[in-house]
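In what follows, structures are represented as structure tokens.
What follows is chain A paired twice: with chain B in the first complex and chain C in the second.
Now for the complex of A and B:
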């Protein structure tokens, strides 16, 4: 094994150790477990967006739609269909992923700014549906009246509602599944065609890659991951918010990905961590917290164009 | 064309293609047959429609009229990637590569797509070994085997060109289209690329169509030369025939000399 591989393994082990022990180090540092859970869920969302943005080179500004659909899918299932956390998650994933796949067929015909505009437009459609269809979605007030259910493993049940730590580890398990799948895809021949498209679309076409079809697959996969994050978010809050579908939420995800480093796999998680922790800390002091996060974002983009993680990796090398 | 040539199977048959952009006729009623194993050079002054003609062959855009056959099948309406998967590979006047990936990674993508793995979520060990072998063989062919782990964007212009040709070769094409392979190169690099193309033609028997400005290269390499001028096919023939052709000399060679 080369020293490069060894180093990568050590870094990977360190990341998972930090995540596994988060409830035990965040609390002494003045945080709380639910904050760590939010970081994981929003980090998964930012990584899902980055699957498309950083590794296929296509910017979607409407990904919150699929995040929100995942949340409503999970919430509506718990409220009206079945009192089961796994079923709620699956319903959320399917709702967001399938809607993303269908709309993606239309969206991938455009490229660049037009692609971003079309993603916003379709995203807003779902926002207005959730906003207007009060009888089903609760409208402006959001979807309430459901809560995550204990996990029934046959022999015993795990309480994830009142135990913040249990819920954190459940979310970490889901996070690991999704992130593992993403990493697996990115190392595959298909994943390498995504990177080829990011690097040079014309060359990819002239190597025989049907570029639109590959972007569509990447877009759809990214929507499924996004919907998974959204479904988990509904469980975090026991609530689904129409603003979770809004394009400003999409902008937050883009900000997390870019701030953390969109060329790196783990960058968006770091971006989400900074974003969520700053939001939590600053919003207790000022209602104007977003200007501080915005300022940080501008500084990162100006001085560390490869994001925080990109900067850390460079200074180490 | 000699009888020996026409008795061979044609890889490419282009019948009366025309391409209009609004009022401009970039390519006007051009026909061309390329036999298997042949090396055909397209020359002509700037703006003669050479690159547009190449774009028609490789499917960048469809012709306004006319038909293109490849390996005996009509491909006039096929998209680029479909033409590539039938065995057509192309390089560009301005090198099109993946600058932030290594030489190995550049060629591996081509080899994996050519092997039909582009949608595969995983490949097994035997398949990985086969791909690696193919990449190594291709890199040896273009003399880049000592630079496999270098980023392509950091290589010299000549080596970037060679990487692009390696990507095209990894597709195992029946037809290789080279758009000005020596553009922007010094004498040493021009010589190396010319030797490479000659090896591909003579030793590996590739069918090649190339656009080239450097007349030394063209007359050194080509079996047949086609002269385009203002979108029209002015003349085609062996290097000797073209050198002796008065119309060509008046339109092109005379001014270039």
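Now for the complex of A and C:
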């Protein structure tokens, strides 16, 4: 085993140790477990977006739509169909992923700014649907009246509703599944072609890679992961918010990915941590937190375009 | 029924004229600088609030002229300080930056002027209704359309016949060649940006007279403007013009038959256009990819 591989293993072990122990170190540092859960879920969302942005090189600025669809899918299932947490998650994933896949067919031929523009516009469709169809979705007030259910494992039940720690570990388990799948795909030959497309689309095309199809697959997969995060988010809050579908939420996700470092696998999680904790802190300190978040966007873009991890790696090299 | 239909088509055209003004500015900036200006709605708000602040001194007509100019000057500063460093980088960055800027502008106006709506007084002869027999329409609404027509005509004259306009159009097609011919491309982009922001400021003043002012008023107009550009065809200003009017009328007509969908219909139109004519109605081949 080379020293490079050893180093990677150590970093990986450290990341998982930090995540596993989060409820125990976040609380003493002035945080709370639900905050850690939120970081994890929004981190998963940012990583899902980065699957497309950082590893295929196409910018979707409308991914909140699939996040929100996941949330509404899970919420509606719990409210009207079945009192089962796993079923709700599956329904959310399917709703967001399938909608993303279908719209992806219309979107994938665009590139650059135009790709971004079309994704924003299509993302807003779902915002308006959730906003207008208030008999089903609760409209502006959001979808209420459901709550996550205990996990029934046959022999025993796990209470994830009242115990914040149990719920955190459940979310961490889901996170691990999704992140494991993402890592697996990125290591596969398909993942390598994604990176090839990012690096040089024209050359990839000459090599016979069906670029449009690969971007579509990558877009769709990323929507499925995004919907998973959204479904989990509905469980976190026992609530689905139409603003979770809005393009400003997409902007937050892109920001998390960029701030953490979009060329690295774990960067978006770090970005989500900084973003969520900062927003939580600012909104408790000042009513003008929007200005500060806006300022953060401007400063990161001007001075830290490679993100925190990119900055660290660069200064080391 | 005819009256109702006519009323809504007229209404749609008026709203469409608004979208056109916003979308043309966005389109100018997008075409030459490859920048999606998310803060465009923010500049509209700035224009409106400047008009609110100066109209007690200059009157409505003075504000109508001066507020967009001041907005354009603010736009010039923003372009010079914040956006110019990002040319040549991934468009992602200018998108994120203007996105953050929109936050700051919205929150800033709320901080300075308060969250409540502010009225901008328009001359009384403009606020009278013109006719009550056929359908209700105030003089101000016709006046808005007239201003939009004048502004759009001037813009097209500028682009067609002046040196600046010809350079802008050449730059959209091939910026490198324009630079190689010894034209100051940075300056060109700045002026082009300022023209776009001027249009946003003008829409702000007009909107303020019609709807009053709110810090969030710009965001609602941003999406229809995006769609106007996509439907009309990216890279084509006449396309943007047609796209804006088209979605205005479409949402006006839908409001007659199915009010809840009047917002959604413009997205449906976009999907249909992308399906059957991906480059947009007037877009040139290859411009979108």
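By definition in this document, the second predicted complex is superposed on the first by the 313 of 317 C-alpha atoms of A that agree within 3 Å, B and C clash if a C-alpha of one lies under 4 Å from a C-alpha of the other, contacts with A are read in each partner's own complex, and residues count from 1 in each chain.
One rule holds for everything that comes next: a residue touches a chain if its C-beta (ideal position, glycine included) is under 8 Å from a C-beta of that chain, and two chains touch if they have at least 3 such contacts.
Every value quoted in this text rests on a predicted model; they were computed, and no experiment measured them.
Student: A:205 contacts which: chain B (first), chain C (second), both, neither?
Tutor: A:205: touches chain B, not chain C.
Student: Given the touch rule stated above, what does A:32 touch, chain B (first), chain C (second), both, or neither?
Tutor: In the superposed model, A:32 contacts neither chain B nor chain C.
Student: Under the stated touch criterion, which partner chain does A:173 make contact with: chain B (first), chain C (second), both, or neither?
Tutor: neither
Student: Just chain B (first), just chain C (second), both, or neither: which does A:298 touch?
Tutor: second
Student: Looking at chain A, does chain B or chain C touch a larger number of its residues?
Tutor: More residues of chain A are touched by C.
Student: Once the shared chain is lined up, is A:80 touching chain B (first), chain C (second), both, or neither of them?
Tutor: Neither: A:80 stays clear of chain B and chain C.
Student: Write out the stretch or stretches of chain B touching chain A in their complex.
Tutor: 58, 79-81, 84-85, 89-90, 92, 96-101, 105, 108-110, 112-114, 117-123, 167, 171
Student: Which residues, counting only chain A, touch chain C once they are in their complex?
Tutor: So the residues of chain A in touch with chain C come to 53, 59, 61, 106, 109-114, 116-118, 120-122, 124-125, 128-129, 132, 247-248, 251, 254-255, 258, 288, 290-291, 293-298, 300-302, 305.
Student: With touch defined as at the start, can you tell me which chain C residues reach chain A in the complex?
Tutor: Against chain A, the touching part of chain C is residues 30, 34-36, 38, 82, 85-86, 89-97, 99-104, 106-108, 111, 223, 226-227, 229-230, 234, 260-261, 263-264, 267, 270-271, 274-275, 278, 288-289.
Student: For the complex, which residues does chain A have touching chain B?
Tutor: Chain A reaches chain B through residues 184-185, 188-190, 192-193, 195-196, 199-200, 202-211, 214, 217.
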